[in-house]
Each structure stands twice: as C-alpha cells, then as structure tokens.
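Please find the structures below.
Here come two complexes built around chain A, the first alongside chain B, the second alongside chain C.
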Partner chain A sequence: MRSRLLFALLVLTAATRVAAAPATLTATTKDTKGTAVTDAVVSLIPLDTAAPPPAESTGEIAQQTQEFLPYVTVVQAGTTVAFPNRDTVQHHVYSLSKAKKFELPLYNPGQKESLVFAATGLVTLGCNIHDWMLAYLLVVPTPYFAKTDGQGRAVVAAPAGRYRVEVWHPRMSAALAQEITLSAGETPARDFSLTLKPDRRIRRGGANKSGGYR
Partner chain B sequence: MKSPRWFTLLAALLAGTVLVQNRAAAADWLDTLTLTAAGTASWVENISRTSFEPTRKDTATYELSLSAGRHQQLAAAWLLHGSVDATLLTVPDYDLGNHLKLGPRLGLQHKFGLGPLAPVLQLDTALTYKSARLAADRGWTAEASLRLGKRFTPGLKAGLTSRWIEHNARSATFDLSQHSFTVDAAWDITEQWSLSGSAGRLSGDIVANSSWPVWGQAITGRFGPTVFNYYTAHPWEVTDLYGAGWVSYNVEADVDLWSLEATYAISDRTTAELRYSSAFVVNKIGVRYPTDSWGLSVVHRF
Partner chain C sequence: MASSPLRFRRFSTRLLVIVLGLLAAALLSTYLLVTKANQANAIAHIESRLAGDVKVFWASIDFRKRFFVEGAKVVSRDWPIRTLYLQPQLDLKTLRTTMESYAARLNAPVFATFDVDGAMLATTNDSLTNESCGPFRHLIRTADENGWEQNSAFGYLEGKLNVMIVVPLYAPEPNIIGWFGIAFPIDDRFARDLKETTQTEVTFTSGLTEDTKRVLATTLPPELARQVADQAPAELKPDGQAMVTNLGRERYVTLYAPLELLAEDPARITLQRSLETELAPARRLEQTMLFILIAALIAASLIAVAVARGVSQPLQHLADYTKLVAAGDYTRRIELPREDEIGQLATAFNHMTAGLAERDRVRDLLGKVVSPEIATQLLQSDLKLGGEEREVTILFSDLRNFTGMSERMAPTEVLTLLNRYLDRMSTIIEKHGGVIDKYIGDAIMALFGAPVALPDAAARALAAARDMADSLHDMNRELEAEGKPPLVFGIGINTARVVAGNMGSHTRLNYTVIGDGVNLASRLEAMTKEPAHRTSIIVSEATARAVGEEDKLRSLGHVTVKGKTEAVKVFAVDIQPRPWPTRPLARPPTQAPYVS
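Up next, the complex of A and B:
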C-alpha cells in the first residue's frame, strides 16, 4: 500500500512537471536575400489567457559615444525604462511617438532619468542635438519576447497555449503575425522571411558630426 | 601645541579637497571639448587675383587648421557653441602670403521643433587676429553670420547664409568690408560618400594685385580715364607679394562664388574632402579677376 502510494505520488509529480514545462519557440529571421536579420523582435501574445503583469524589472537605453545603446529594446507594457547618459556630452532625448511622447532636455553626462511605458506600441527615440542618434523601444503586451541575435535567431519561452506570434523590425512597414499553438515541453522552430525597407538613417560618418543641430 | 597641528592637518585636507574637486571639474570640462584638425593642400589659379592674364600666378598652398570647441544646451531648443580656431596658411612660392589666424568663435543655434527635419537658425560671431608675413595685412577681423538650415530627408540638407566680414589691417590697402549671401546643399549619397555644393554672391572690398609694368600704365592714364580715376582714388602700395615691384590695391567688387565638394568618410572621425571652388570677381569698373582652386583636405575629430 505504501509503495503504491509512493508510486502514485511519483507519477503525479512527473506529470505536474511535464504540464508546467514551458514550450520554447526558436524563431529564425532572414531577409528576402537570405541574410540573417539582427534586432528583430519576436513576441508571443497569449490568445486564450491574459498576459501576466511585468515582473519587477527595468529596461535601459543608454547614450554613449553619441549613440543610443541598444538600437532596439523591447519591454512589456508597464515596465520602467532608464535612460542613463554615459556620454561625455549633453543630449536631448525625445520621442514624438503616440505610445509615449516625452523630452529629456539639458541631459548632462551622468544624469539618469526613468520613465514608465504603460501603453503598447512603438516608441521612436531621437536626440535633438545629434540628429543621427536613433533607437526604437517596442512596448509589447506580453512578457514572452526576445530579440534576434547576429544569426537572426531568437528563443522565446512561454507556457503551453495559443499565441499570436508577432515579428517586428525597424525596417519593416508592418509587423508579421501568425497564430501558433504551443504544447508543454515542445521546442518548435519557425523561419520568418522579412521584407525590409532600405536603411535610410541619417549618416553619422566623418569628422564634422560633433553635435550642434547638424 | 597639539591644537595648531590639528588645525594644520585640517587646513591641508580642506585645501587638498578643493584642489581635487577643481581638477575634477576642469577634467570634466576638458572631457567635453571637441578637438578637430584639418590639413589642406590646394592648387590655386590666379592666386594673385590679377586682371592681366599673362601675369597671373598659379601656385600651391598648404593650410593647417586646429579647432577646440564645446557646445552647451542652454534651454530645450537653444544651443551655444564656442571654439577657438587657429589656421596657418603657407604659400611656398610666394611666402609673403603666409599668415596665421587665431581667435575665438561663438555661436548660438535655435532649432524650431524636435527632430532632424526641424529648421535651425544659427548666429555665429568670430574675432580673429591675422598675423600675416606681410605687415600691412596684419590686423583684426570681425565676422558675423546668420544661417537658416534645414534637413529635407535623412540624406539631404540645405541652408542659406548671410555673412559680414570686417578686416582692419595696418594698411588701408588691406582693409576689407564684405557682405555675402550663400545657398548650400549637401547630399549623403551612401554611408561614406557625400556631395555638397554652394553658390553665392559677395559684395564689398577685395584686394587685387598687379605687376608694376601693368600698374604703372593704369595710374598714368594709359588705360583710359575711368581706370585712372578709379585706381588712383583707392589705396594701393608696392608689396612685392607676387614678385619684385608687384602692387596690391583695394577695390570694390562683386564676386560670384561657386563650390563643389566630394567627401569620403574614412572613419567615424576622419573625412577626406576634394573641393573645387571658383570666385569670379568683377570690380566696380568692370575689370575681371577669375580665380579657381582645387583642394584636398583631411579632417580628423579627436
């Protein structure tokens, strides 16, 4: 009797563990020429349940060597994002995006302001002194997201369930979306071909771009 | 006896703290300085600005410029820029044309809105001392300019500049009072290549030169009363600037200015620039002095 009870307990524990094991989606992104796409955001938005609230975490977008680092950041709605000035010059960080409009003028080296990004959507950041500085902050309604690496690969872990997979990149006109159902412990892989617009950023190169509204 | 020792120690500590803080503040200020150096080699046709073509002088010039500057945002859309600029020009074949210019520059910029496409109005002032090899040309130059610039696309920007220059030289022959309007445009073709151009009109005093045989005819009426009356009413002197007996003289003129420049970004901090510029000078009595130059520059920002 005791051994049967023990056996039943072991089976129950194993079953619970299997049921709780998240699924892991490996997304690989390439452009139409077959080149791996870096800095693409892959997010899984649950369709059947509400997404859990954001954990006590903060994002960070620094200003350094007259650039924003990183170029692409993704956070869940409700996350606090810090903007430390680790540069040796002043900056004037701003966004005119509907998801969050703000300005941080007279932003001196060493200063660090933090803002809460409550609304989902794309926040495009610029510096009003250094026109070439550009960064993107994608605010998503889910904690299940990742950014693609140098090989165009992103790994997103999420509980079993139905999701809308969204893939976004700064040079896409609109995000790619498709439905996926994940089973516990599953490790599916998906390939995404992204149509990217030409990269038309303001050029930084050369000796004359030292700031000053140029 | 112990009290004075304590006092001495405390005073030394306080002095040390102040010194370290001042040095740290000075070091912070130095950290935000932008240092730029540029070297330019040019070929100038009619550097002598001579109207009589057979006597025109063409030669090479070399220029080294250093600039230390800093910008400070005063308010949300206002930027103050200050710098100290030094320029050394050498003309190996005509070394009386060598000079060193040194002085501060202060500029105020206002951006009308947020974003790279917002127009920018810029006021610049500069005060420079020209230490010329030719003593008559030494003196202070005051300069002011107003520029309205705008970026139209990530790769295309244009601007309109109005500039005033006053040079007070030791000799009236080299005094200058000039006003110019220039329109310019720059196109970033690729990550490395840019093309820019400008066109403008300058009005005011210029210094032209003449060999003595030609000048002698002008001031004795051999070229007619108009030339005689005009040139004898304006300052002139023998300077030997472009040869023995050469004369420099001051006239009022209108100058059509053109330039075209191709720029290659060698790195994030270094640029190579090939520039062609043309100045077509016509003085008040219709005498012409065309000048063309080709220059190759390397600019580095430290």
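Up next, the complex of A and C:
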C-alpha cells in the first residue's frame, strides 16, 4: 500500500514536472526609428489560470547620488519594496499615483523604509526636494516579467498556456498588449515596435547661468 | 522775349516784378519744402519711436509672463500641493486657500488650479466659474498636446482683457497631475505704466466683430479713447499700421497693432504721440523762416526800386538831354559822376555832344570860309579832285590904292577897314546869288552860276557890280566923315565856259573855276586902272550879250588879251555920275595916319 502511494506520488510529480516545463519568450523591443529600447517591461499575464502568488521577494529602489536606482522596477502585486537611502543627503520619496499614494517624509542616509504594493498599476516616484529624481515602479499581476536590456531584449520564462503579453515603457502613453500561446519547451521570439513620446526628463543642473536672458 | 504781362512803361516796375517774382517763388518754395519735410520727418520719427514702443509693450508683457511662470513653477512643487494631492480625496476648500497664499506670494491677480483635463478645481477669484475658464482650458489642451512646459495668451476673462498663463503641476516631471492658471489684467493701470515708460498714449480696443468696438483700457479720457476705438482700421498687418489721426483737435501719429486673442478676433493696442508736440520746435523755426521771408521780400523790393531808380533816373535825364541835343542845343553837358556803365554812357554822351557841336562849328566855319553853297557842294562831292565844265559868270574886283593906304595905318586898322569893305561887298554879291570863290588880299573873286546853276547869272553879276559901286560910294562918304581917305575899286566880269570843281591836293583843296574865261575877267578888272576907259566896271561881250544890254553899254572896242589870239569886245558899265574924288588917286594923303 505504501509503495503504491509513493509510486502515485512519483508519477504525479513527474506528470506535474512534465506539465510545468517552461517556455521562453524572447521579446525584442525597438522604437519606430529602429533603435533598441531599454527598460521596457515585458510581462506575461496568464489568461486561463490564476497567477501564482509572489515569491518571498522584495524589490528595492535606492536613492543614491540624488537619483533613484533603478529607473524602472517591476514587481508582482503584493511584493514589498524597500527604499534604502544610500545617499549622503536626506530624501523625501513620494508618489501620487492611483496605484499607491504614499510619501516617506524626510529620512536620513542609511535609513530604509519598506512598503507593500498590493494594487497593480504604475507608480511614479519622485522626491519632494530634488525635482529631477524620477523612478517608475510597475506593479504587475504576474510573476512572469522581464526588463529589456541594452539591446532591447527581454527573456521571460513561463509555463505553457495562453497569455497576454504586455509591453510597457515609461515613454509610452499606453501599454502594448498582445495575445500569445506558449507551448511547453518553446522559445518563441517576438519583436515589438514601440511608439515612444519625446523624452521630457528634467536635465539636472538646468538653471540658466545668465539669469534667463538669451 | 517779354510776354505782354511783363511790358511795363517803367524799368523800375519791371525790375521790381521780376526780382520779387523770382525771390518770392524761391523763398516760398523753400518754405513749403521745409514745412513738408519737417512734417514728414516728424511723422517718420514718431513712427519709428512707436515701433520701438510696441516692442517695449511686448517686452513688458513677456517679462511679466516669465515672472509668473517661474513663480508658478516654484509654487507648483510646493509641499502643500503634493500633500493635498496625497490625500485620498482632494480638499478643494483647502486648495483654494493655498491658492490665496500663492497669489499673495506672487502678486498674481488671479490664481487657479485645474485638473489634467482642464476642469477648474479652485480659484482665488470667486466670480470665475468653470465655464468662464474656457481660455485656460484652451491653453492647457494646446500645451498638453505639444508637451509644452507653459502656455500663455491674451484672452477675455469675464469680458475683460487679460494675459493668461498655464503651468503644469508635476509629480514629478514629466508627469502632469494638474495645471496652475494665472491671469493678470490689461487695464488702465497697465496702460498708465506703459505710458510712463514710453511717453505715448496707450489704448487697448476690442476686435471688430462686436457691434461697438470697446475700449478695453486706456490712458486717454473716455471721449478721446472712444475716437481711437472708432478709427481702428479693419485690416492689420502683424507689425501694425501707423497713420496720422485726429484726436480731439490735435493731430496724432497713431500706431495700431494687433493683439492675437484666443479664439477671438484680434484686439488692438494703440500707441499714439502728438504730432503737434513733435512739430513744435520745427514750427518755431518755420515761423522765423516766414518772418525772414517777408522781411527779405520787403527789403528786396525796396532795393530793387532803389537800384532801378539808380538806373532809370540818370537814363531819363540822358533822354531829356538827348532831346535837347536833337533839337540842336549842342552846349548841354550832363553831370553823372559815376564809375559804372551809366557814367560811361554819360561821358560818351558828353563827348558825342561836343563832337556834334564841333562838327556844327566846323560846318559853320566851312560855310564861312567858303560860301555856304560851296560848302554844301564840297560836302556832297565826296571831296574828289576834278570838276565839270559849265558856263559861269566870273566877277573880279580889286581895290586900287589899298596897299599904299595900308602903309600909313596900323595893321589892325588895316584889317578892320578891309573887313568892313569886304563884308559890304560880299553881302551884296551873295544877295545877288553870287558865290565868293576867294579873297585875294583886297581882291574878291566871285562866281555866278557855280556851284549852283543860275539862269540869269550874268544879269545878277552885273546888278551886283552896280550895287557894289553904289555901296562903295556910300562907304566913301562914311570914310570921309571919319577923316579917312576914300576907296577906289575896279570890277571885271566875264561869262564863259570854264571848269568848276575841286582843285589842289588830296589834303588841301579849293572849290574854284579854271579856264580862259577866268583870266579874261581878271584882265578886264585890271583894265579899269586905265583912266582912259573912265570906268570902274568892265564887262566882256559874252556877259553883255548874256545880259542883253549890248547896245546899252559903252563899247570900249576890242582888246587883245595876252595869251589869246582873238580880240575880245569889251564894254564899260557907267554908273550914275557921282562926284569923283577930288584928290589924285596916287597922291598919298597928307594927313596923319588915322587912329581908330
């Protein structure tokens, strides 16, 4: 009797293992001019099944040399994100985004605050003191996501199934969504052409030296 | 040359008209040109200043806009705003009070907050509704579409002209969570401030779609501002249009420039400067010019009249004198001690008159030296040597004892006596139409029938001879009374064909007759010396025949004249018996020489 149970368990595990063999989607993003797009977020949102809950992971957005690092962060909804101050000055992190409105009033270098981001959506972060500090935290409902690298490539691993692929970049007015079906063991590749808005980030040290006269 | 209007009787009038005409034309045209130029310059000057003043206006607007934009930028990142937005529900009441703080900080007349779509959330101006913030919405939409960090325009808020500015609320940039709106009015105070900087009159008027063009703001009194609004032109170039307009009673140079408005016809900014004020110094100059012009004209006319008089008076004087000279008065001399041409004319006139007088005297003298008829003949004959053959009666007379008498008298007495005798005899000869050819001492040679032909030349000569004898008789009676010895003469007359004309050299000639007939007359006269003939007048046969008294005269027979082959019959002419002188002719008088 016990051996039968063990065998069933093995078969079950094996079956599960066979059923859970991951597919890999290689997404390549380019803008309309053909340049590779960095820091684009590619996420696979399962359509048929519910997404598994987030692993015990934390995200981190540090303040260093009066900048947020990294610029774009992706976490699954429910993840805790820490905001360590690794700078030499104080910072006042805030966000007025609908996904989460918060502020971390002036806190010193070395201090660290953490928050749980339960709602999905885009959280835009700024610093009340330093106008140029900007970071994006995209809270997605899936654990299957990746950021594009310098070549504009992101590799997302996910079990086989039907997914909605969402590609987002800070300079896009809305995310690009597509449906995709992944089969086990497949490694499809997809190219995405993104329409980006002009870059309107503040240039640091942009005060006009001559006092505003041309 | 001169058209009828310029024909004047008086030189001074003509000169006056010409000088004044030219001067007036030149001065008036100069004056007109100067006034026109002054006006054109003043207008151009003002126009360029107004063009500059418009730039000042735009610069002041831009400056104020920039000030508000930069102030709004500062306050938009202020913590109260962010904190209010962090709250789950935006507290509009508190937001409005925050606007009040910000408005006070920036001195902004109107401060409002809008959401991302342009709906008005809060404002410091209680009368503003969401609807009346349409212009702000327009600005927000355009800025959003273009990604601008600010936007501004002129527009109407509650019917009043304002400058509206919108600035995004960032959280953080470039993410927009809302908009700030600021407005400041273009009102009379703004216009006055602009006037202080530019020294021009400033008026803002509304566009032309409205029935009445409204005055939006002005530095002028209401009626004049109304005038400005009414005179606004319909079409305007972006740089505006300058023109000369009437404001009240004064002329102004006015610049109308368009103010583009949001979704409305453009309003107008009008800048004006008084043309009269600009022209004031020029007007003073023009008045002075006019004064000088009139003074110059008056002076010119006086001088012209004086100059003309200086010319016409002496000329009139000369004309009068010339009339006198023409009438024959050669003694007149004109006094004009001037150095110029008129003085030269006067001098020439005097020389001419002297020349005329001289010529007259010469003529007179010629007539005296030769008889007037010979003088005329000489003058007319071109003074050519030579003559013509004609029949002439020649009369010779000679005094018998004159030389002897003259030895006993003083020379002047001699001349006086001789002249007295010659004068008497010559008068008689001329009375009978004879012409004295010459005097040879006490002898007279006279011509009858030359140079002027006489039909009864011989008769005249004979009559003259008779009269001469009578006259001598009378003269002797006078001489006797004076105690002087009597005179005795002899006369010889011949009629013959002779050559009459100018004899001598080119420089010195004589009108006389030449021929045998002349010699015969002389011989006949010499024959009277012979007492045997007992006559003082002997005529030739030719003369007697010509007279027609051949049978009445006493024949003296034939005489042979030296040099002639034929003998000539001669006659004596007896005078009525008169007492002959008792003393012998040759005996010198015993009395002392006469003392005259």
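We take it that the second predicted complex is superposed on the first by the 185 of 214 C-alpha atoms of A that agree within 3 Å, B and C clash if a C-alpha of one lies under 4 Å from a C-alpha of the other, contacts with A are read in each partner's own complex, and residues count from 1 in each chain.
One rule holds for everything that comes next: a contact is a pair of C-beta atoms (placed from the backbone, for glycine too) under 8 Å apart; a residue touches a chain by one contact, two chains touch by 3 or more.
Please read these numbers as outputs of a predicted model, since none were measured by experiment.
A.B. asks: Of the two partner chains, chain B (first) and chain C (second), which one does A:V139 touch, if any: first, second, both, or neither?
C.D. replies: It touches nothing on chain B or chain C.
A.B. asks: Identify the partner contact of A:V75: answer first if only chain B is touched, second if only chain C is, both if each is, neither if none is.
C.D. replies: Neither partner.
A.B. asks: For A:A27, select first, second, both or neither according to whether it touches chain B, chain C, the two together, or no partner.
C.D. replies: After superposing on A, A:A27 lies clear of both chain B and chain C.
A.B. asks: Could you tell me if A:F102 is touching chain B, chain C, both of them or neither one (first, second, both, neither)?
C.D. replies: second
A.B. asks: A:Q90 in the overlay: touching chain B, chain C, both, or neither? Say first, second, both or neither.
C.D. replies: Touch status of A:Q90: first partner only.
A.B. asks: Once the two complexes are aligned on chain A, which partner has more residues of chain A within touching range, chain B or chain C?
C.D. replies: After superposition, B is the partner touching more of chain A.
A.B. asks: Contact-wise, after the overlay, does A:R201 reach chain B, chain C, both or neither (first, second, both, neither)?
C.D. replies: So A:R201 meets both chain B and chain C here.
A.B. asks: Is A:N128 in contact with chain B, with chain C, with both, or with neither (first, second, both, neither)?
C.D. replies: both
A.B. asks: Show me the chain A residues, by the header's touch rule, that chain B contacts in one structure and chain C contacts in the other.
C.D. replies: 94, 96, 103, 126, 128, 131-132, 200-202, 212
A.B. asks: Note which residues of chain A are touching chain B in the complex, please.
C.D. replies: 88-90, 92, 94, 96, 103, 105-106, 109, 126, 128-129, 131-132, 200-208, 210-213
A.B. asks: Enumerate the contact residues on chain C facing chain A in the complex.
C.D. replies: By the definition above, chain C touches chain A via 66, 70, 77, 79, 82-83, 85-86, 88, 147, 170-175, 177.
A.B. asks: Residues of chain B touching chain A in their complex?
C.D. replies: Per the stated touch rule, the residues are 28, 31-32, 34, 36, 38, 69, 71-73, 75-77, 79, 81, 107, 109, 111, 114-116, 118, 120, 122, 151, 153-155, 188, 191-192, 194, 263, 265, 267-271, 299-301.
A.B. asks: In the complex of these two chains, what residues of chain A are touching chain C?
C.D. replies: 94-96, 101-103, 124-128, 131-134, 197-198, 200-202, 212
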